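Two complexes, one shared chain (chain A), two partners (chain B, chain C).
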Partner chain A sequence: MFKLLESLLIPIAALVLSLVLFSVFIWFSGTNAFEVLGAIYRGAFGSWFSWQNTLVRSAPLMLTALCTALPARIGLINIGGEGAMVVGGVFATLVGISINGMPPFIVISAMVLAGMLTAGMWIGMVGALKHFRNVNETISSLLLNYIAIAIMSYLVLGPMRDPATLNNPSSFHIGVANMIGNIGESSIHGGLIFGLVVCLVLWILMRYTTFGFSVDVIGGNIRAAQISGLPVGKLILITCFLGGAAAGIAGVIEVAAVQGRANLSLNSGYGYAGILVAFLARHNPLAIIPVAILLGGIRASSGLLQRGFDLPDATTMVLQGIIFIVILASEFMYGRIKWLQPRVATHA
Partner chain B sequence: MLESDVSYLSVVIAVLGGAIRVGTPFLFVSLGECLTEKSGRINLGLEANLIMGAMSGYGIAYLSGSAWLGVLVAGMTGLVLGMVHSLLCQQERVNDIAVGIAMMMFGTGLAFYLGKPFIQPVAPRLPALELGAWVDSPVLKSALEINALFIIGVILAPLMAWFFRYARWGLIVRTVGESRDAALAMGLNVNLVRMYATMAGGFLAGVGGSFLSLYYPGSWNEGLSSGQGLMAVALVIFARWNPVYCLYASLLFGGAAALGPALQSVGINQGYYLFNAAPYILTLGIMIATSSRKQRFAGMPGEMSNI
Partner chain C sequence: MSDEKFNTGRRKILKTLSGIGAASLMGGFGLGSAWAASKKVKMGFIYVGPRDDYGYNQSHFEGKSSLAKLDWVKAVDEENVPETIEVVKTMESMINLDGAQVLFPTSFGYFDPHILKVAKKYPDVTFLHCGGLWDASKHPKNVGSYFGYIDEPMYLAGVVAGHMSKTGKLGYVAAIPIPQVLRNINSFTLGARSINPAITTNVVFTGGWANPVKEAESANSMADQGVDVLTCHVDSPKVVIQTAEKRGIFSVGYHTNQAVLAPKGFLTGGEWNWSKVYADYAEMIKTGKKIPNLVRGGLKEGIVKLSPYGKVVSDKAKADADASLKKFMDGSMVIYQGPIKDNTGKEVIPAGKSYSQTDIWLESMDWMVEGVIGTTKG
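Entry: the complex of A and B
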């Protein structure tokens, strides 16, 4: 109980502090901070229209956040979500184009599978390098991001390119019939359901199975895990694979629900924002859902800030950066606030 | 001489010239990272220093008309970022790798935000020494244009090696980096030494950033830095925490990064984007080759966590 309260109150306090710091920053650059905060709220959650915008953006964030959160549970700081999303999206497109013409359900399923497999192996590589060669996972995953983008640029601007796309070079279209549609009457595409379901499934896996328990043991103390005979290497590989597969689905969604083609918009920063979501959610897959919606809202308000206040589009990046730093600094507070600690009965 | 021989020769020359030009920011960032890591702390946020240095250096050079003032301000910006990083890291339970990632995001956002007005204007460039004034070949001439910052870096590397070996302060930094307990027993203020080392390292990385915007590529835009800050961390491992080896490694990396553009300049466009990935693949390959499951890296400071 106290623990839950603590892990709710400290992040919320950190968020409030971040908003205050952000306001000061905005004030210094000569804009009314209250109006900007109001606009962020309106752009994110002010109307059904902005809610739809927010939810559409939160779907890939949930999935890329899992790519950092799951490896973090086993003790690895993986920042390869961006690359996994790119790889998953590109190879899913490749599959989608080549079997275009088969029943849509089969095409979409094959695309999701292809995206999960390739992106899962991509991040699995990070885990394997860490486990077998002790290569630092943070650096290797970042390098793989750039390599993934190079592979995508090569394929999309080369062999896979549709010559008809001039202004925004893209691959061939996967076929309109094979697109993932919207939910009901809304403009929210079905990707949101993928995001919610994957978060829920992985939450159950981490919380209620021996697999999840073993992962947490390894993340807590790898020596103890080895001594007690847990298959550390295998678990690291599986966890990294699952995280990568989640980010791969984000790539598939970007292609199959938004663009219809693979293009450079696959590399639009969702992977990096997902790192922040994971840390804010303290690597808990269930907590990722609300945090991703919150961050999706901040990203959705970016357009309104540009139009309404003539602020640069990097404004929301600054806000995200401030939140990240404050959240990390708030780690220091855990266990230090007296009235949040359980009372231990003392005997004379 | 055959036509193809000429073009292959010019590729080699362009790669060598590129090694110096592209390698210079690597050199400064890796020297900065080396200094920071010698004190027992890792700074993954140098990417932020690089890009903030590029932005502030360009902005100040444009506003003041002096490129060198831009370099100085870029360094000071890096210094401040290093201080922030340091203050965060010395808190209990705060992970220095995560702080580095956060600083990277924050710095990139801030640089894009503040740098918006500087995308259009043209700032004065840093001067170069025209060592190739006596040759006719334009390729050779441009390869021999050496920037003053590169020469400063070349002098700085052995100087830093000397500093670690013989200077009193250098020994203090190494003691703090090797063993916190020994440093405490000697009455050293571990956090303070680390903060100074991180700040000085941040200064160097900021200077490296100013090279990007003030010399090569030579303008400020949002795609200026692409992971060089983090690659420097891998580069320092490869260089075994030896500043002089950092110099050689930077040239190697610079050469790898120059490969794609050099091939394109002679008309080889096939796989251009894959050649662009060369420095990243090289870094990854080196990391795999030099890491080991069983033992720690030779020369690695004892206090450094999980690299």
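Entry: the complex of A and C
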């Protein structure tokens, strides 16, 4: 109970503090901070249109955030979500193009599977390099992003290129029938459901299974885990694979629900934004959902700030940055606020 | 007892929360509707990168900003909009909240599928895309495309470079081998070779539109190889131009005027003149004239221009470039006039055959002219 209260109150207080700091920043730039905060609210959550705008942006963030969050549970700082998303998207497209003509359900399932497998192995490499060769996982995952983008450029500009796409080189189309549609009457594509379901499943896995417990033990103290006989290497590989697979689904969604083809737009920064989401959610798959929606909302409101107040896009980046730093700093507060700690009966 | 108290409290909170929700749902956006109702020509501009990139996005922002002097136009814009579902949302937001009548989503990747999708949903709004090739048989009627023959000023810049280069080696840092990029490389090289037939152009493709690290590496490596005039076709020429200046070699700008970035070595460059294009479109909407679906033009039509010559440019170079400029302005200049060989020795345009700028064939260019060192294959 106290623990839950603490893990809710501290982030909320941090969020409020961030907004205050952001307001000061806005004030210095000569704009009315209350109006700006009001506009951020309206642009993000103020109407059904804004909600759809927010949710559709949050879908890929949920999936790429998992790519950082899961390895973080086992003690690895992985920032390879961008590359995993690109790899998943490209190889899913390759599969989609090759079996185009089969029933759409089969095509989409095969694409999701291909995206998960390739992107999973991609981040699996990060885990393997760390475990077997002790290569710093942050560096290797960052560098793998560039390799992933280079592979995509090669495939999209070369073997996979549809010659009809002149000035925006893209792969062949996966077929209109194979596209993932919108949820009901909304303009939110099915990617949101994937995001929610994957977050939920991985939360259950991390919270209620021996696997999740073992991962947290390794993340807490790798020596203790080794001594107690946990298969550390295997668990690192599986966790990295799962994280990569989640980001891979984001890539598949980007192709199957939005672009219809693989092209350079696959590399649009969702992987990097996901790192922020994962840290804000303290690597908890369930908390990723509201945090991704919050960040999606901030991104959605950027347009309103630019058009309504002539503020640059960097304004929302500043807000994101302030939130990020304040939340990270607030980690310090856990266990230090007296009235939030369980009262332990002390017997002298 | 305490349970009961908690329950009423919770109910109250729920009620208040749903009240806030409903109010905000109905209230909608006070902000946009304020001017959506006024009687102005409303235009929306969308850029894929930052407004102040010294390049492609800035050129459009400058075009949009110039509309400020027309008090019957209201123009809004958004920067850093990725080529994903986000641009769809930005377009819809500009239409629904700002009442935009015409949208200018300026990045290549916005066209298919994003603009095509939104255009079908909003048949009363006009979507004008920069760089695409509108096709009456495939694309909706409320969509159009516009672009300029910026290879014309690049040809002139090539003439200047041909005069100024001492090593006979020019360098081109390019994003990806697509027709628009290849056409600039070819025209630039043809311009230079019209002065010095032995001159060569080294090309490096960086693989993306905004790759500052690779752009700097390519620029430095070409400077090492003896290239003494450097130009580029990427979203922001800033890095290439600054690197050239630092290495003490000449530079040719692109997209906008980069003279301030290289006060010593800047020669000239190809620039967009979107302020004219956008003012023309605004006028058409105001007077209710039909907007053409396909707009193309070069120096003569005022869609592109040549940057003012830098201090170092010799009088001889200026005279030759001005002479060619005059021919562009009176319409007698043809860049792609046979015989032209590609850089593998194959004849692509036979003697006696020529392609004028408006020829659509040139918009599917996939070869590089003799004298270009590099390949379009990955």
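Here, the second predicted complex is superposed on the first by the 345 of 348 C-alpha atoms of A that agree within 3 Å, B and C clash if a C-alpha of one lies under 4 Å from a C-alpha of the other, contacts with A are read in each partner's own complex, and residues count from 1 in each chain.
Everything that follows uses one rule, which is that a residue touches a chain if its C-beta (ideal position, glycine included) is under 8 Å from a C-beta of that chain, and two chains touch if they have at least 3 such contacts.
Just so it is clear, the model here is predicted, and its values are computed rather than measured.
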* Asked: Would chain B and chain C fit next to each other on chain A once aligned, or clash?
  -> clash
* Asked: Does chain B (first) or chain C (second) touch A:Ile325, or do both, or does neither?
  -> first
* **First, second, both or neither for A:Thr138, with chain B first and chain C second** => first
* To do: Determine, under the contact definition given at the top, whether A:Phe2 touches first (chain B), second (chain C), both, or neither.
  => neither
* Can A:Trp27 be said to touch chain B (first), chain C (second), both, or neither? -> neither
* To do: Have a look at where A:Gly308 lands relative to chain B and chain C in the superposition and call it first, second, both or neither.
  => second
* Asked: When the two structures are overlaid on chain A, which partner does A:Ala150 contact: first (chain B), second (chain C), both, or neither?
  -> both
* **Superposition clash, chain C against chain B - the stretch among 2-10, 146-154 or 218-226 that is involved** => 218-226
* Structure fact -> chain A residues where the chain B and chain C footprints coincide 150, 153-154, 157-158, 312-313
* **Touching residues on chain C, where the partner in the complex is chain A** => 24-25, 27-32, 50-51, 76-86, 88-90, 92-94, 96-98, 108-109, 111-113, 131-133, 176-180, 207-209, 363-364, 377-378
* Complex interface listing, chain A residues touching chain B -> 77, 79, 129, 131-136, 138-140, 142-147, 150-151, 153-154, 157-158, 272, 275-276, 279, 312-322, 324-325, 327-329, 331-332, 334
* Asked: So in the complex, which bits of chain B are touching chain A?
  -> 44, 84, 88, 91-95, 97-99, 101-103, 105-113, 116, 226-227, 230-231, 233-234, 271, 273-274, 276-277, 280-281, 283-284, 287-288, 291-293, 306-307
* **Residue ranges of chain A touching chain C (in the complex, touch as defined)** => 39, 41-43, 45-49, 52-53, 56-57, 149-150, 153-154, 157-158, 165-170, 187, 189, 254, 257-260, 263-265, 267-269, 299-300, 302-304, 306-308, 312-313
